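Listed after this line are the structures, all set down as structure tokens.
Here come two complexes built around chain A, the first alongside chain B, the second alongside chain C.
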Partner chain A sequence: MNPLKNIFNLFLAPKNKSVPLFKGALNYLLVCVLIIVVFWASLSVLNITFSFGFVDLYGKRILDGFILTVQLSLVSLVISLLLGTLVAVGQRSRILPIRYLCDAYVKIIRGTPLIVQIYLFFYIIGTAWGIKNRFIAGVLILSIFEAAYIAEIIRGSFLSLDKTQLEAANSLGFTRRQTLRYVIFPQMIARTLPALTGQFANVIKDSSLLSIIAVIEMTQTMREISATTFQLFESYILLGALYLCLTLPITFVSHLFEKRFNYARKT
Partner chain B sequence: MQLSKKVCLGFLIATLMVLGMGLLSACSNAANSETDKNKKTYTERETLVVAMELAYPPFETKDEAGNPAGLSVDFITAFANAYNYDVVIENTAWDGLIPSLQTELADCVISSMTITEERAEQVDFSDPYAVAQLALLVNSNSGINSIDDLNQEGKSIAVKTGSTGDVYATKNLPLATIVRLADESACVTEVVQGKVDAFIYDQLTIYRNQLNNPETTAAVFIPFQDPEHWGIAVRKGNSVLLEELNEYILISQIDGTFDRLTGKHLPSEKATFDELGFRWFFDFR
Partner chain C sequence: MHVRLEGIDMNFGEVAVLKQVSLSDRIDKLAIIGPSGGGKTTLLRIIGGLLVPSGGRLFLDEQEVDYAENKLPAYRAQLGYVFQQGGLFHHLSARKNIALPLQVVHGTSEEEALERAQELLNRFGLGSEGDKMPAQLSGGQQQRAAIARAIAASPKLVLLDEPTSALDPEYTNEVLDVINDLGETGIRFIIVTHEMGFARHACDKIAFLYDGMLLEYGSSSELFENPTSPELQRFLGKLLEWRI
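== the complex of A and B ==
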């Protein structure tokens, strides 16, 4: 046996098979080291040194910002799930004005940057309708934005359902309600749950843009702190790490769901 | 299967080699820039990269064609001609100005930046070339007539994040709610719509926005404040450039360069400021 080959084997795995724990950990560690080395090399080129002393001083504010980001994201997720489902159903409505309204909504929201929506909503619609509270305005904007994406996820997975299933349900004498309850709904859950979980990570990241209307969430807190300490890099590195603390577990759960519900794809 | 393994292996090795080379070149770059710094002389024509936020007319702005324009642009270009530099202007967002010096993306910053102790810890400042003072833009219905009316529970004031107005409000208006926004137009909009009671910024911006919104806003001037001196920022320790800048600022004050620039960029503002008895930007006498 060639010993060289054994060593190379440590870094290889066949497709479509799970990687043994030791091998996975080793290679993941290697990747982490590579990322850190590249980052470190860039820093030494620029001759930058970091000091995170400000974390002590501003700990309370950073924590408040973190909590507000979580609150914003959670409330927005719930509202956008409801709204997104309604819109997805509306897009298949037999009443044309409703169908087109939902369609136009999804197209406009998905076709414009969130920053445009935030400014226009807050300063025009928000002011006209008396939504003064920045948190409430922020939640509403974020929910309206994310609902369009959620509607697309739901619509996409509905379209991926095999037509013959509906025909089969029909021929078995299922009512519309029964078809929905026993055929469509279980599969929809399996197909949308991983993507919807992943979308939650997007909600968290997108909430950072609400900083421009002075919702004092995590990003705004860091901007305010770096404006007084001028430690832009340290602030943003910490900010990135905090967002990862929130999004990585969600990505992990999303992958778990993907595996757990994989049976639905093997039809 | 065997083949694809080999292909994968090849990829892995190639990736590692590329990464290794990248690291090597990164290290040698670092070494190069080190020697460059040491042998910098100013006999030959050098490039001067100037960072400014082109969002503060008429000091830093863009002309119709989108090219950098304004008083600061004219001033730094005249400086560069006098000292044999080729000017490259980098339009940079406010938050990125000081970091652009630290990361060597720019050689100096002239962006109506007030000299403060906190900033002076990060960069070196030239002698002041202009002086500015703060003022308030208040909503007409807010009932605010002086800065003291603002320092109360339930009153709110918009500031541009990190501006000297932000520093002033944080220090002097502890009872008011401070709303920190990313740009001036958002701050003005908040005042016009009554979302906040006031916006604190420099006198010129306040005066202009009040002219734009005569019905909904009023300008309130703040007595007894320390004047804010604007300086040109350079990277810490860049004394060659700093001395050249200081020399040129002094010459410009004596030979009337700043008066000429005023005549070109701010004639009506100068007249109004004189009328109201406000101190002019370049008035150091």
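== the complex of A and C ==
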């Protein structure tokens, strides 16, 4: 056997097959090293040295911000799930004003940047209706924003349901409610759960934009700290790492769901 | 089982798919044959209560079928239905596919339903495949499991809609054998099929649908030996063109 080929083989794996543990670890390590080298090289060109001393000083505030981000995201997720489901159902309504309202809502929200929505909602609607509490305003804005995406996820998965499955349920004598409960619902859960989990990671990241209306979540906390310490790079590196701490496990769970519910697989 | 169709019409928009289809006979093993687009599947779906006819009436054992939305589930529950393909629930194992309707629709206990499912799986040569998901079964195995599910609740009549037309030839025969066995154990069925050998030898009656009309009806031996209408003569002639 050609020794060169053996070495190349260490970095190759066929598609659609699981990679052996050792090979996977080796290659992952390689990628990590690559990222660090590029980053470190850039820093040394700019002649920057880091000091994370501020973490000690502001630890309590950072933790508070972190917790607020988690709270914001969790509450927004629950509300946006409910709202998104309603909108997805509404888009199929027989009552036209409801259908068009849901349709317009999804189009407007998905077609405009979150930052625009935050400003408009907070300073016009929020002021007019007396929503002063920034946490509540933040949760509402974020929920309304995410719900449009969730509605699309749910709508898409409903459209992808196989019509023969519903006919089969009919042919067996299932009532509408039984079909919903035993066929549509489980199949939709399987289709939407991975995407919905992934959407939760988006909620967490999108919540950072609420910093512009001075909700003291993680990003706003870091902005405030860096304004006093002038350690902009360190603050944002830490900020990115903290977001990763939240989103990476979620991505992992999303992949697990994908595997778990992929009942169309052959093996 | 006595089946009586009285002037069944079916229109999809402007298109008349079935025109005044009438028939009254004792049905044991009936094959519906005819060219594509002739209305075979539509007729089967109407008999199965999956489609509401635009006009006409249907009687099973002299009892008129009520096509009111709230009456249909109970009606359908008395029948078995096998689709061309993909009729098994994707998210359930073969065993659960058979057991679930027994539990949900027929009120069987879970234990009993699973036992009955296993019994049927054994009977159709799927004894060790019960835990597999539909996607893990071959096309022929899927259709056998679908047939097992269709007869699980001892239906009055089993309706099969081209159960082999999506299968490779090697699987076609194993499925046809299973259907033939059903007939021999006294299960009555109506099958829409392009397998003329099966229609001729395993079914006792044939209905020839052409352009939405029931052009010929009679015993299988008679129809295949002496087709009277030029349409059926041409249809059978075409099928024999590439005979081995």
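Here is the rule we go by: the second predicted complex is superposed on the first by the 263 of 267 C-alpha atoms of A that agree within 3 Å, B and C clash if a C-alpha of one lies under 4 Å from a C-alpha of the other, contacts with A are read in each partner's own complex, and residues count from 1 in each chain.
Operating definition for what follows: a contact is a pair of C-beta atoms (placed from the backbone, for glycine too) under 8 Å apart; a residue touches a chain by one contact, two chains touch by 3 or more.
Not measured: the values here are computed from a predicted model.
Overlaying the two complexes via chain A leaves chain B and chain C side by side, clear of any clash. Of the two partner chains placed by the overlay, only chain B lies in contact with A:L232; chain C stays clear of it.
When the shared chain is aligned, chain B comes close enough to touch A:S42, but chain C does not. Once the two structures are superposed, chain B and chain C can be ranked by residues of chain A touched, with B on top.
Vertex at chain A: the C-alpha centres of chain B and chain C lie 150° apart in angle, rounded to steps of 10.
Touch criterion not met for A:K17: it reaches neither chain B nor chain C. After overlaying the two complexes on the shared chain, residue contacts for A:F174 are found with chain C alone; chain B is out of touch. Residue contacts after overlaying the shared chain place A:L34 against chain B, while chain C stays out of touching range. Legend: residue contacts after superposition of the two complexes on their common chain; A:F8 is shown touching chain B, with no touch to chain C. Of the two partner chains, neither chain B nor chain C is touched by A:R94. Between chain B and chain C, the minimal CA-CA distance in the chain A superposition rounds to 25 Å. Note for the complex: chain A touches chain B at residues 8, 11-12, 14, 34, 37-38, 41-42, 44-48, 119, 123, 127, 132, 211-214, 220, 223-224, 226-230, 232-233. Chain contact summary for the complex, chain A toward chain C: residues 162, 164-165, 167-175, 178, 182-183, 186-187, 190, 263-267. The touching residues of chain C, counted against chain A in their complex, run 48, 50, 72-79, 81, 83, 85-91, 100-101, 104-105, 133, 135-136, 149.
Of all residues in chain B, only 1, 5, 8-9, 12, 19, 22-23, 26-27, 29-30, 33, 95-96, 98-99, 102-104, 118-119, 121-122, 161-162, 166-167, 170, 179-182, 186, 189, 193, 195 touch chain A in the complex they form.
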